[in-house]
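Pasting the structures in now, so scroll down.
Okay, so subunit A shows up in both of these, paired with subunit B first and subunit C after.
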Partner chain A sequence: MSDTVLVVGAGPTGLSAAAGVASVGKKVILVEKENVLGGAPILSGYAKLVPSGEWAKDAIGRMVKRVEGDSNITIHKGTKVTKVDGDAGNFNVTLSNGTTVNVGAVILGTGFTHFDSINKPEWGFGTFEDVLTTTQMEQMVATGKITCPSDGRVPERVAILLCVGSRDRQIGREWCSKICCTVSTNLAMEIKELSPTTDVFIYYMDIRTFGLYEDKFYWKSQEEFKTKFVKARIAEVTKSPDGRLLVKGEDTLVKRPIIIPMDIVVHAVGMDPNEDNPEISKTFGVGLEKHGFLERGEHYTSTFSSTRRGVYVGGSALGPDDIDTCISHGLAMAMRAVGDLNAMVQKAA
Partner chain B sequence: MATYAEMREIYDEIRGDFRYDHELNGCLNCGVCTATCPSAQFYDYSPREIVQLLWTENVEQIYDAMQEKIWACAQCMTCAARCPFKNSPGGLVMIMREVAIKHGMQSAKDVLRPFGRVMLKLITTGNQLSPDMIQPDHFPDWGPNIQKVEGDLKTLRKAIPVRTLQTVETAWEVSLKTSVEMYTIWEMTGVLAALEAMDENLFDVIEDFIDEKREEYDDWLEEQEDD
Partner chain C sequence: MAIHEKSLIDPARLVTSEKLVVDGVDVSGHWNTMILPRTLRDYDADFEKVIQGYAGGENVHRCWQCGSCTNSCTMYGQNTDFNPRYWIYLTRLGLKDELLKDKEIIWQCVSCNRCTNICPKDVRPEGVMKALAHWIEHEGFGEKSKSSIFDEEFARQCLDRGRIEDMEVLTGFFSQTKQISGTGIGGLLDAINKLAWFKELVFRMSKANDLFSGKIMRFLTRTPISAQIHMGLAMFVKPRTKSWGRTGDVLRQYIKEQKEAAHG
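Our next item is the complex of A and B:
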């Protein structure tokens, strides 16, 4: 029997879970496959986070520092878990760096993969230099200057296309990625702030700036930053002879097809299941749900359980979610893991 | 003007088609179908509107759309290839057109009238176009670049595997047995009934032709037995 907890993945979910377990005095082994801690917000260079407005490197940086400075937490970077034998309370885990550890519980914060826009060729990503993803645009915002990658000119008009890799049966993405509406309204405001002569248009099917994000992002982006919202899904992005991009859609409220010139087109990319999920499912012996995310066990009385006893799963490994929710999941999983281990100790005594 | 009951009956028939649920799952109203539709660029036609009318069971507007709008669709099915919900607006138009024909709607008659000769050739021989009929002069919509490949057209045609379909003479020369089998198919699938509803004169001409061919075939069969 071991009361050490293995946390897999050092994004917002895993960093929160590791800190949570350590805060009640238990040992944590934190394994991260990349050589950098912080997960998607750091690896993809997110700009300012929703809803705090703090730069990702500052906010997530604090989470990393908290974990790195905790003597209860042992960190393995650039490392994967290769084998998980045993049962709840007594798992024998092998790591890719040759280490073997004995742990009582496993927390999976293995996250997601950004949708690869190459899978929607009609929207021009990979064909035209001035077609970017939201993560690329956030990286541009972080440089402090908004320019067209093709020739460095300041864009007059930027289009953000929502639901790229979401809500699309044609490419097997039948889910709403939940965060892209809010991220895009936030991005529209950041663009306008840095480049006041640039107009931003958002093309949408529905706007899902859920909860308190309605007025803080959706309304604010219109009222204070004059972002234009057009209810249309873009059919294709092409290039006009003068080098500008052309987006073709139907303005469904005006009910006519439209072709509009743009200088930059941004894909609001959705959240795919982690591309490693088939491997994760096999290594940890946990199930996948129908879209390819990790499967939840019974939720009401065994919250954040996976399909294997003693293995917990949360954050965007379960499905698209925002950073704040993932951090809560991490802490909830810490509670579950420690609680279950304490119960096992009491039973054994 | 049709009564509500008549319009309702037409809707029910469209709704009752075995393909309907496959072509229509719901609608997110994104407009990608209309954006991508070549006909919507030129006509008062919108695939999203057709989907919406059917999805909301707007029987009056469905009937109205069948008077003109549905005939603007080119049946290119780009809408079906793009729809994020995997609907097929073009497939729904196909069902609506079939119901319009079945009910002998004037709009269907008006649209099909110029195609009498095509129908005659198609129903009697099974095809009406052979590759050697396809000449650039007849198709200005191919654009000026077609001249670049024109010289190779003869060679390109040879790549078509079915040799008999390469020229007008061979394409329109159909074996007696195949013809008679094809007429049975036209009859059993309701094509001839649809034709009768659309153009009675053309139907009479074609039926005479079919009867003649069937007699010829029967004679040929008897000859075989005699041998």
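Our next item is the complex of A and C:
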């Protein structure tokens, strides 16, 4: 019987879970496959986060620092879990760096993978230099200058295409990635702030800036930053002889085909299941749900359970979610793990 | 081959030529009709700002296309081509050609303000309809409305003399809207001759019916003699308001500056 908790993944979910477990005096083994902590917001170089408006490196940086400075937490970077034997309360875990640890519970904060826009070739990513993803555009925002990658000119117009890799049966992505609408409206404001002569157009099917993001992001981008919203699903992105991009599609509200010149086209990429999920499923003995995300156990009285007792799963490993929610999941999983371990100790006594 | 289902195509897009040569081949005759593409090729990003420069159009950028305005619209109930939501969308993207297709209906807004009361984003669609109608008129895309002609005649006299003369406003309005010809006494007589309602109005106000039915005393006691003398004189003598001076010129300059500031 061990009351040490293994946390897998050092993104917002895992960092929050590790800090949560450590805060009640339990030992944590934190395993991260990359050589840096912070997860997608750090690895992909996000700019300002929704909804706080804080730079990712500052906000997530604080979470990393809190974990690194905690003597209850042992961190293994550039490491994967290769084997998980045993049962709840007594797992024998082998790591890829050769270490073996005995833990009572496992928390999976293994996150997601950004949709790879190459899988939608008709929208020009990988073909035209000025077609970017939201993460690339965030990196550009972080440099403080908005220019076309092809020739460095200041773009007159930027088009953001929503639902790239989301809500698309053609490519087996039947889910809404939940956060891209808000991220895109936030990005539209950041672009306009840095480059006031640039007009931003968002091509949408629906706008799903849920909850309090409605007025803080959608309304604000429209009312204060003059973002234009066009109801059209783009069919194709091509290039005109003058070097500008052309977005082709049907404007659903005008009921007319459109071919509109743009200078930069941004794909609001969705959240895919972590590309390592098949391996994670095998290693940890947990199930996957139909889209390929990790499967939930019973949620109402065994919150954040996976399909294996003693293994908990939360954050964007379960499906698309925002950073704030992932952080809450992490803390909730810490509560679950420590609570269940305490119950086992009391039962044994 | 001729195009069979021309009825399905917007007539403005059907181009028929007597003689037509395409790539050096004479295709006159049966092949002489071409269909222009429906594709929208560009936005006019500055157009939204133009409409925002007209009173009532200020909040047009807030619209999220929910359709509450059209849904509540009195005119939409009469004519489904009267669609405020659609015109607001066209305004935002600067699709002017599409907007001008509806220039003969936009002004029909009856200002019931049901749209403005229901709009969840406070766009004030009724104001946008006014702004659009003014833009269409201001840019000369549509005929000047009768009320604008009246307003202009009224304002002209105010600015010229600091006052209006009723009969001059009326005959000026009638002649500019081509209901009569001429102004002054000739115009007045033409109006009585051509406009039955106006003749009735003049006769009743002057009690002329008493005169024609022989009730002379009744006519003399009831007809507003001094007012008629005044109006009659005013057709020939047109005094300015006391110490009007250069006031009219100053006001004209001010209006010009305000218009330039609002619409460039």
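Going forward, the second predicted complex is superposed on the first by the 349 of 349 C-alpha atoms of A that agree within 3 Å, B and C clash if a C-alpha of one lies under 4 Å from a C-alpha of the other, contacts with A are read in each partner's own complex, and residues count from 1 in each chain.
In this section, a residue touches a chain if its C-beta (ideal position, glycine included) is under 8 Å from a C-beta of that chain, and two chains touch if they have at least 3 such contacts.
The shown structure was predicted, so the numbers you read here are calculated from the model rather than taken from an experiment.
Of the two partner chains placed by superposition, subunit B and subunit C are both touched by A:P257. Residue contacts after overlaying the shared chain place A:D324 against neither subunit B nor subunit C. In the superposition on chain A, A:D85 contacts neither subunit B nor subunit C.
In the superposition on chain A, contact is made by A:R169 with subunit B only, not with subunit C. Legend: residue contacts after superposition of the two complexes on their common chain; A:D58 is shown touching neither subunit B nor subunit C. Of the two partner chains placed by superposition, only subunit B is touched by A:A235; subunit C is not. Judged by the touch definition given at the top, the superposed model places A:E289 against neither subunit B nor subunit C. In the superposed pair of complexes, A:M205 makes contact with subunit B only, with no contact to subunit C. In the superposition on the C-alpha atoms of chain A, the part of subunit A touched by subunit B in one complex and by subunit C in the other spans residues 231, 251, 257-258. Partner subunit A is touched in their complex by these residues of subunit B: 28-37, 40-41, 46, 48-49, 81-86. In the complex of the two chains, the subunit C residues touching subunit A come out as 37-43, 45, 48, 61-62, 64-65, 86, 89-90, 92-93, 95, 98, 121. Across the complex, subunit B is touched by residues 122, 163, 167-170, 205-206, 231-236, 248-252, 255, 257-258 of subunit A.
On the subunit A side of its complex with subunit C, the touching residues are 157, 199, 201, 207, 218-219, 222-223, 226, 228-231, 251, 253-254, 256-261.
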